[in-house]
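Letters are used for the chains, namely A, B, C and D, taken in the order the chains are written, and counting of residues starts over at 1 for each.
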Amino acid sequence: MERCYRLVIACPDGVGIVSKVATFLATYNGWITEASHHADAANGWFYMRNEIRASSLPFDIEAFSMAFEPIAKEFKMRWHIADSAKPKKIILMASKESHCLADLLYRSHTGELEGKIVAVISNHNDLKEMVDWHKIPFHHITVDPEKKSTAFNEIESLFESYEVDVVVLARYMQILPSALCARFAGRIINIHHSFLPSFAGAKPYHQAYQRGVKLIGASCHYVTEDLDEGPIIEQDVRRINHSDTIEDMIRLGRDVERQVLARGLFYHLQDRIIIHENKTIVFE
Amino acid sequence: MERCYRLVIACPDGVGIVSKVATFLATYNGWITEASHHADAANGWFYMRNEIRASSLPFDIEAFSMAFEPIAKEFKMRWHIADSAKPKKIILMASKESHCLADLLYRSHTGELEGKIVAVISNHNDLKEMVDWHKIPFHHITVDPEKKSTAFNEIESLFESYEVDVVVLARYMQILPSALCARFAGRIINIHHSFLPSFAGAKPYHQAYQRGVKLIGASCHYVTEDLDEGPIIEQDVRRINHSDTIEDMIRLGRDVERQVLARGLFYHLQDRIIIHENKTIVFE
Amino acid sequence: MERCYRLVIACPDGVGIVSKVATFLATYNGWITEASHHADAANGWFYMRNEIRASSLPFDIEAFSMAFEPIAKEFKMRWHIADSAKPKKIILMASKESHCLADLLYRSHTGELEGKIVAVISNHNDLKEMVDWHKIPFHHITVDPEKKSTAFNEIESLFESYEVDVVVLARYMQILPSALCARFAGRIINIHHSFLPSFAGAKPYHQAYQRGVKLIGASCHYVTEDLDEGPIIEQDVRRINHSDTIEDMIRLGRDVERQVLARGLFYHLQDRIIIHENKTIVFE
Amino acid sequence: MERCYRLVIACPDGVGIVSKVATFLATYNGWITEASHHADAANGWFYMRNEIRASSLPFDIEAFSMAFEPIAKEFKMRWHIADSAKPKKIILMASKESHCLADLLYRSHTGELEGKIVAVISNHNDLKEMVDWHKIPFHHITVDPEKKSTAFNEIESLFESYEVDVVVLARYMQILPSALCARFAGRIINIHHSFLPSFAGAKPYHQAYQRGVKLIGASCHYVTEDLDEGPIIEQDVRRINHSDTIEDMIRLGRDVERQVLARGLFYHLQDRIIIHENKTIVFE
């Protein structure tokens, strides 16, 4: 894939935004290879994402930012620009269940994942061997119910020392402290094994079995202080029927979970997601 | 379709049930054209549905019942037998929204619906003209908030006088009284415009919009005293994204709702559903 | 829905197109409510669709066109602009099968269809009563195998006299003459009851049954001289299994067909489709 | 999962088959935990699969077979019985693409796959390291276009020496010789990366791209002498649109392929598939 810059913008809607941005780019001979827009009539906001061929522009990201800043200010934009040549640093967190972790490691291994897995953190040692094979640092940090803060301080230090861009909870069975969620808002992605808001909390497949639903699902969302209530990125479902036991649902659900998580992460890594309040705009 | 008997059974599981039933049928030269079984290891129950070519048996349903009763007793069966030549009598109930009603009327018109729509009841007059065209009696029964019991007494009388087999709430926007739900338990089918248990209650598309889900759904279920909590028969979903407004969701949802309701009713009319506690076994 | 203009453009890709178009619009205070872009790296073309609030612009479509023409010329654009206040005139063509026709009539009846069904043409009389109820002119034009050209001349005259914008073959079982296809290229939409290119031609469900596929589908496409080979607009599938007979497949397929056709027509009516060679860009 | 016997039967349909089989089982106190039937009115055949709790029967598979043989003869059954405690021996064959291979290795690793991967055969060495990690023998057998028979003789010998039960072509890019296909009929499973019969043969995603389809698919089927024409076991699709390049299709298709192959193999390993002429009955 050719190197590109990704310019992602959210601002109050109005006349002339596209014109201003596109003209700014055209002035510098910027070649737009992909452009997505969304005007939300309900809240009066405008969202925009452009991919621009990096080689068509005369400056790097810093110079771009400086040149663009006055426009951003004029339109009160929340915005950022990313360079596809600078892959995001990813930390995966897992417990004992391997399917989501193994899937992301595999996608990374084959080059499908645009980003670099810099470390795996787990509260158990079960998945170490698998991670070792991929030559990725594995950190075993036990979460003692009595000394949670010790564990999460250590985890936070790892986030810092790795300069992590995005954390993926790949079936990590611990609840992160509020302060950590707040500090890394919009940068921690979780996979929940239900079609949210149904069956939030513990043992969603057991809940689904009890309720007798005909489809099971999975939801990928940003983590906030409110458990399983953060902005949803991606969801999908799979049909089941009366003959499926809880064990069948767990087995079938694994395939939905890992696909939903992989798609959600894919969008994040390519800066395709804009969070606005508790919802997401996803430019697939 | 050839005329058939449908023998539907639920009983505590054990050795010899299939043998006993199949041998009973074979003794009378009964030709089984479709057979479905389900043994639920979790609750220890066994469920079974057989379609038998009517012409292969030497007796009618009453004689069949008499001959089968001792076996049913031996295995403590809850069971019934239905004759495909005796279509179920259906009453549709609607308010102002026409999509589910129109869809079922159309399916009936083209002969796809195995059953006979004997009447339509509505608390509004808007859909009368459409129903009239199908030459089906239309009953306009206003539900005055102050005098609900009057309205529902009248409705119950209609159920009786039409000797209704199944009532379909095709987006009927009133809550039925508990007593009516109890009396017609397992015979009233509702379509709810969400993927239950998410967004039970009023305005589910508005709830879905607020939560920012990526799929909208519909659920067809039996009505019980607990609103939107009855046994689920069928569910389906459709993908949406950030650009879909509530109006889009309502429009797209209509297609899901009418299909889910039609499928659910189809299963009911062919005696493909067994209700067990708050769940369904559906032999598609 | 607020009145809008839809500006649809295809041109060789290059720097400055978005800037030029957006600035043109901004100059006249045009408020863009929806914008879609696609740059096709494989063929070097650029495609664009803008919805602009009509009330925000100081001119009507003719004046817009005149003002925009120089830009269009500069970039060698194939383009058009449409006014949402001027609904497209639709002619539906059917034979004996009613499901697609009934579905589109119903959607029109409820105001879901952005466009006006001006007439129905059929080679049979079976569906007349249904069409009459909707107070839409019904033309019964028999297609005598010996005198096809007479029939199709008559049909072509109807297209002319109704000044039709789009013709929908809603399970019309006759093959249109090449000249007619050519003359109305990009304006005749067909629904084929298979997942094309599988099972083109006659009796696709029978073909699917013979092949033992596990999904059946439907495809909505523009009609060209090459039967079932025109640009595909929309497709969908439904799961079947070994127990489904051809009759089941036909029944289940009806639901897929009418949804796929309705979606395809919906996109066309809102000018969301650009045809390029034998493929479509569909800005959903 | 509790140990069970799986009794799979196909025979000309008639009265008394279920009775005879069920009574045979009941006589020996056989506890049926799952039963599936299918009577095909079109070809007059009857298909049946029973899972029986092994511990409930007084004999092993050989004794069972001897006792059952007279009944099988009476009804002209094609039948077999399998023991869940004797996992099928699987050989995987791959070339350079790793996604299907990695997926099956992973499922085996986590115990999801009911069967034992005894060896991997490849015409390239690329995937050796991955296979080695799983401690499964890897055989690199180059297929020289001039000396294909040498290679395939060697492969056939491996099939023999491993006493393979089922061979999976997990994106193995070589065509097996007819004699090998014939000898292992019903025991070689292939994944083809299209929705068959569309896009049989080479480079299906390129074909799909050219045709402009709106869904891509994958098909899992038994291998016969006729390339990509064997009985289909399982198929699935995924939505794409105009913005997806061939590379995107290949990437997105990988997820469909590996799921379809895993499901197809799952059914085979549990003896859920009956092949009849060129179609399959799959008792999910």
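Note that a residue touches a chain if its C-beta (ideal position, glycine included) is under 8 Å from a C-beta of that chain, and two chains touch if they have at least 3 such contacts.
Predicted model only: the values in this text are computed from it and were never measured.
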*Chains shared as neighbours by chain A and chain D?*
B, C
*Chain pair with more C-beta contacts, B-D versus B-C*: B-D
*Of all the other chains, whose mean CA position lies farthest from chain A?*
B
*Compute the distance, rounded to whole Å, between the mean C-alpha positions of chain A and chain B.*
41
*Rounded to the nearest whole Å, what is the centre-to-centre distance of chain B and chain D, using the mean of the C-alpha atoms as each centre?*
37
*Touching two or more other chains - residue numbers and ranges from chain D*: 34, 41, 243
*Can you list the chain A residues touching chain B in their complex?*
38, 40-42, 195-199, 211-215, 217, 231-237, 241-243, 245, 278-282, 284
_In the complex with chain C, residue positions of chain A that touch it_ = 15-16, 18-20, 22-23, 25-27, 29-37, 39, 41, 56, 239
*Which of the residues in chain A end up touching chain D in this complex?*
34, 98-99, 102, 106, 110, 112, 133, 243, 251, 254-255, 259, 262
